[in-house]
Amino acid sequence: MKNSKEMVMKGIFFLSACFSIVALLLIVIFIFANGVPFMLDYGFFNFIFGMEWTPTNAPASYGIFPMIIGSIYVTIGAAVVGVPIGVLTAIFMAEFCPSFLYKILKPAVNLMAAIPSIVYGFFALQVFTPLIRQYFGGNGYSVLTASILLGIMILPTVISLSESALRAVPRTYYTGSVALGATHERSIFRVLLPAAKSGIISSIILGIGRAIGETMAVVLIAGNQAIIPDSLLSGVRTLTTNIVIEMAYATGEHREALIATAVVLFGFILLINSIFLYFKNKEAK
Amino acid sequence: MSAKIIRGFVYLSAAITFGMLGYVIIFILINGVRFLTPDLFAWNSTSQNVSMMPAIITTLYVVGGTLLVTTPIGVFTGFYLVEYANRKNPIVKAVSMATDTLAAVPSIVYGLFGFLFFVTFLSFRLSLIAGILTSVIMSLPLIIRATEEALISTGRPIREASYALGAGKLRTIFTVVLPVAMPGILSGIILATGRVIGETAALLYTLGSASNIPGGLFSSGRTLALHMFVLSNEGFHVDQAYATAVVLLLFVLILNGLSTLVSARLSKGGK
Amino acid sequence: DGGSDSEGTGTDEASGDFDTSGTITVVARDTASGTRGAFNEITGVLVEDGDTETDNTAQSAIIQSGTQGVITAVSEDINGIGYISLGSLNDTVKGVMIDDVEPTHDTVADGTYPIARPFNMAYGEDLTPQAQEFWDFIFSAEGQALVEEEGYIPVEPDAAAYEEAEGIEGTISLAGSTSVEPVATVISEAFTEIYPDVTFEISATGSSAGVTAAQDATADIGMASRELSEEEAASLTVEAIANDGIAVVVNNDNPLEGLTLDQVRQIFVGEITNWDDVME
Amino acid sequence: MSTPTYKMEVKDLKLWYGDFQALHGLDLAIPEKKITAFIGPSGCGKSTFIKSLNRMNDLIETCRIEGTIELDGKNIYDPKTDVNQLRKKVGMVFQQPNPFPKSIYDNIAYGPRTHGIKNKKELDEIVERSLKQAAIWDEVKDYLDRNALSISGGQQQRICIARALAVGPEVLLMDEPTSALDPISTAKIEELVSDLKSEYTIVMVTHNMQQASRVSDETAFFLNGHIIEHGDTRKIFTNPDQEETENYISGRFG
Amino acid sequence: MSTPTYKMEVKDLKLWYGDFQALHGLDLAIPEKKITAFIGPSGCGKSTFIKSLNRMNDLIETCRIEGTIELDGKNIYDPKTDVNQLRKKVGMVFQQPNPFPKSIYDNIAYGPRTHGIKNKKELDEIVERSLKQAAIWDEVKDYLDRNALSISGGQQQRICIARALAVGPEVLLMDEPTSALDPISTAKIEELVSDLKSEYTIVMVTHNMQQASRVSDETAFFLNGHIIEHGDTRKIFTNPDQEETENYISGRFG
């Protein structure tokens, strides 16, 4: 009797474990089944490299190249803004922060991660857009605005993972360096940082994944024009905002085109995720 | 000399990071608190009062419903991975891979999937149930990971002690391991809660944005984050959007406080 | 009626510091928007040529997915110009005259204001009893009075008074236009006064989403702020509940008072990019 | 000394961890109500062997066993054996004290509860009796609801012994039970073990030769997965048959 | 033996970790170009003391110091002292080999680069000279770009010695430099240390009495944060003045 209970529960645990596989499969099946046929129909090349996104025209064009480029631009922008600040803040947290301050700042980083994207988006809309319009020109809805916002939004990811990577470096490396007469700063930047490299790279990749997938904050401040931006101040539409702006009403072919956009987004995420896993495994070694 | 410059950059970055966080919070508070009128908490939301009460209730519904489903599945998955399966088992690898991937899927893709699968394919319409099930999948990886880590960190000795007394696997897991792993699992649950509370894109196409308290599992509603999105996007209610942001922040602050408490307990090592 | 007495295209001397050489910031709605659809058709931004239709909205136009998005963008950018439902016009932005006609309730009602469109509601197969009752209520004297109160033009000025029914309860779901949503909400609130056991679910997702929702029966009633295409209308019962103007709005500090319909088109397709070209 | 009756008999026990053979065909008889000590250098297989006596090795995925171990004449590796019942009969105490992070009371009551005892009064009795047997009742009787982790290491180890006794075992396995403890706690536990001998069959691994010679009746000397020598403790320590034993005992290696 | 000149002089050194006093007013003179060994039981303050000779204790927040330590007659605890220059002069080798996870070349070049040497040829020369001095040149000269973590522990420790020598120190502190190594590596390092004596003043902590007596010229015996006895190594090991020293050396405690 007792044994059968053990068996039943084991079965339940096993089924639970299968749930996430099933969920992932369902996601892949439903997104791909609705998106891939369209891509093939419309022409994979025309879809990915098409420059025109005019779904309401007849005949309509569904080229998402501007959005692919847009996503890449703002993601690079986010990395340029967020990575140096994030990594340096992580260094601050791990090596410069007095412990009484750390007790406050550590939860603050977690808080930063927990603030909903809609709040960030709203904040950026009210604060960054006017600032950028005033000091840099343009209308404020731009690659630059999106990059700064996303740069801030990836900070907590970069900070907390980089910090733990730094803390995982054996202390003896640091003492070894200091004993040779190197300064605190030199010891950190020349010894600790290279030793924590793969952990820090993982944190950056995760941050990039977050940036490329972000939607609701970006839609408010990016301008959303389906064109390849020609300057930092020009508006931009990303893969995610393309979906969120038009999904509500899309029907037929148009809707399939948006789902196909999600397929492409998914592809990006899978790529980023495999790079991440590669570095994570490397770290584990 | 250059050491000083480097230190300057480090301090500057930290100042930017935490300055920005402070700015976001203070900006929202300053602009929002004064619009927190009793009207905004009226039981019924109308086009006049744009009360966020229904959104608060809906948020609780969605969070509650999601946790109710996701916690057992996530925790049980953790049990299976840590306590039952061989690490080299292909299922374990598949589950790990699926979990990692699910954790990386952007919310908008979840939204799209929920829309295609729950709303359309299963004909749930825009509804509480569609929103909850979508959130379940979205928050599952957080709980699985937290449980796995918590279980692994409980260590061998107390398990051995229990087995050596003739206790079976189930009894060992539920009465010895689980209590010790609880704080870790709890912080996973808190994380999941945070994710659901802050979610917009995934819920927009599954939960919908109806402004009243959902009447049942198959009715639409809107969470606080969605309410804020709708207000900042559609209505004439920027002030109320700020006020909503204040309440949303409050939720997040409370959760964050909770998780700090839990992790403090965690680091004390079960005393 | 914020009537001004200046005639024709011109500027208001009061705002002297406006830099007329500024580049115009065009703010358009998302393609889901009925407002965009109607606006494009009336102004000629949408070009029809036999079987082809081309939406010529300037590629550099900022896309906002809701009425408030447009208002925010225009109110914060001195060079902004956009279009919104007349019923949503408030004092944070300024509606300009089109072909010398002020955008007001009256000018839309008498047909002199050129950019107007109907607010439509649509449903698929059958309505539930409560939705049917609501439908009747919209077209009753009471419903149409609410339309009028909210600043839109009723479609049935001589509608009969509403007769209450018995035992109406349950949920009624509406989805669609962000422009129609405010008036629909007001009518729904009046309806629940009469029938406290009825609850509404109203999602503002854009006109086309409303049409789709009606077709898929994911909502009882779909709302659209534009005419439905023949294809769309084929499987649906469609009825206009009101008429509404589309106001072309600029920043409050912009001295611009009016534009011609063709200037509007030129601005929105990107042929005119400077205020210089439409002032003096 | 009368001819002992044997509580457990190990016959040709071979054990592998994956490809690595840790035990090479061991034979050993464990006398009832006596203390048998295992000594030998680190890594020789003492822990491995003692764990196979109550099948704790089952928990190690890579572990594979050949040969038989009989408890009261029944092979414990028989597929029909109920492992939980076996472990109830053959209790174990570990090197590191490992109380559950629960109250002292709940630690002791855990085993009896596991085996179906629910009655509060009965449990109270068992807890008191076990704690007394483990010679720690006086120290903790007023703090039974304190977390077992909050007491000293030596006390924790006695709690673990009490916990093992509470399920009513017949054999008690102890793997270096004092190596993590200070000399005073060690002395207390040695004394306790000697007392328990009257009721239990005890098997004890130790790295401390003095301890083995002070406490045990029989001693088995392990080396590289073999039992080199086994017999009366006094004999092993004064006049071993094998040279390796002699070398080990005199501290020449290990 | 001629009267030695003293490289470093410690006067009334007191050291606290928070409230705990680890060193109780030590006085010691360290002779130039000789090897001074510190012995004593675990926790007596040897590491604490040796670390205070190049102010590595500065890294410990709770650590507070009184008294003076003079290097060539100048107090190293003077606020005006440049700590990095001090550590350049007083190098250190740790118990666990701790090469940086970089190439062997970069490990050795790290110190010189830190102190401003950029010239590739100059660096090459320093690397070669230091590796030769540390008696490891022949073993690694063809693998200078290999990761220093990929070589054996004994080699790593000699890399660490070479790394310390590369900055041109005058004093070399070694805290149990061989305790993590096998006997052969230990012998190599002992030999190396003896060779280095001609050029460097060496201070070495060891828990291995034989090592102290084999390698050092002078020995200081530590107990509970005091220096119990200090003097010529031969004398300390054959005929100590203090009873505690005698007891310790003969293995009666520690």
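Note that the chains take the letters A, B, C, D and E in the order they are written out, and that residue 1 is the start of every chain.
Keep this in mind: a contact is a pair of C-beta atoms (placed from the backbone, for glycine too) under 8 Å apart; a residue touches a chain by one contact, two chains touch by 3 or more.
Quantities reported herein were computed from a predicted structural model and do not represent experimental measurements.
The set of chains touching subunit B and also touching subunit D is empty. Counting only chains that touch, the fewest steps needed to get from subunit D to subunit E is 3.
Contact analysis places A-B first among chain pairs (by count of C-beta pairs in contact). Taking each chain's centre as the mean of its C-alpha atoms, the one that lies farthest from the centre of subunit D is C.
Farthest from subunit B, judged by the mean position of CA atoms in each chain, is E. Once the centre of each chain is set as its mean CA position, subunit C and subunit E turn out to be 83 Å apart. Subunit B and subunit C have Cα centroids lying 37 Å from one another. Per-chain Cα centroids separate subunit A from subunit D by 55 Å.
Within subunit E, not a single residue touches two or more of the remaining chains. In subunit B, the positions touching at least two other chains are 168, 232-233. Shared contact sites, meaning residues of subunit A that touch two or more other chains, fall at 125, 183, 186, 220, 244, 248.
Taken together, the chains touch in the following pairs: A-B, A-C, A-E, B-C, B-D. Those residues of subunit B that touch subunit C in the complex are listed here as 46-47, 119-120, 125-126, 208-212, 214-215, 219-221, 230-238. The touching residues of subunit A, counted against subunit E in their complex, run 170, 172-173, 175-183, 186, 190-191, 194-195.
Subunit E meets subunit A in the complex at residues 54, 56, 59, 84-88, 91-92, 94, 96, 98-102, 110-111, 114-115, 160, 163-164, 167.
Remark: subunit C residues 65-69, 71-72, 88, 90, 171, 173, 175, 178, 181-182, 185-186, 189, 199-205, 216, 218-219 touch subunit B in the complex. Residues 2, 5-6, 9-10, 12-14, 16-21, 23-24, 26-27, 30-31, 34, 84-86, 88-89, 91-93, 96-97, 105, 107-112, 114-123, 125-127, 152, 155, 159, 183-186, 189, 209, 212-216, 220, 240, 243-244, 247-248, 258-259, 262, 265-266, 269-270, 272-273, 276-277 of subunit A are the ones that touch subunit B when the two sit in their complex.
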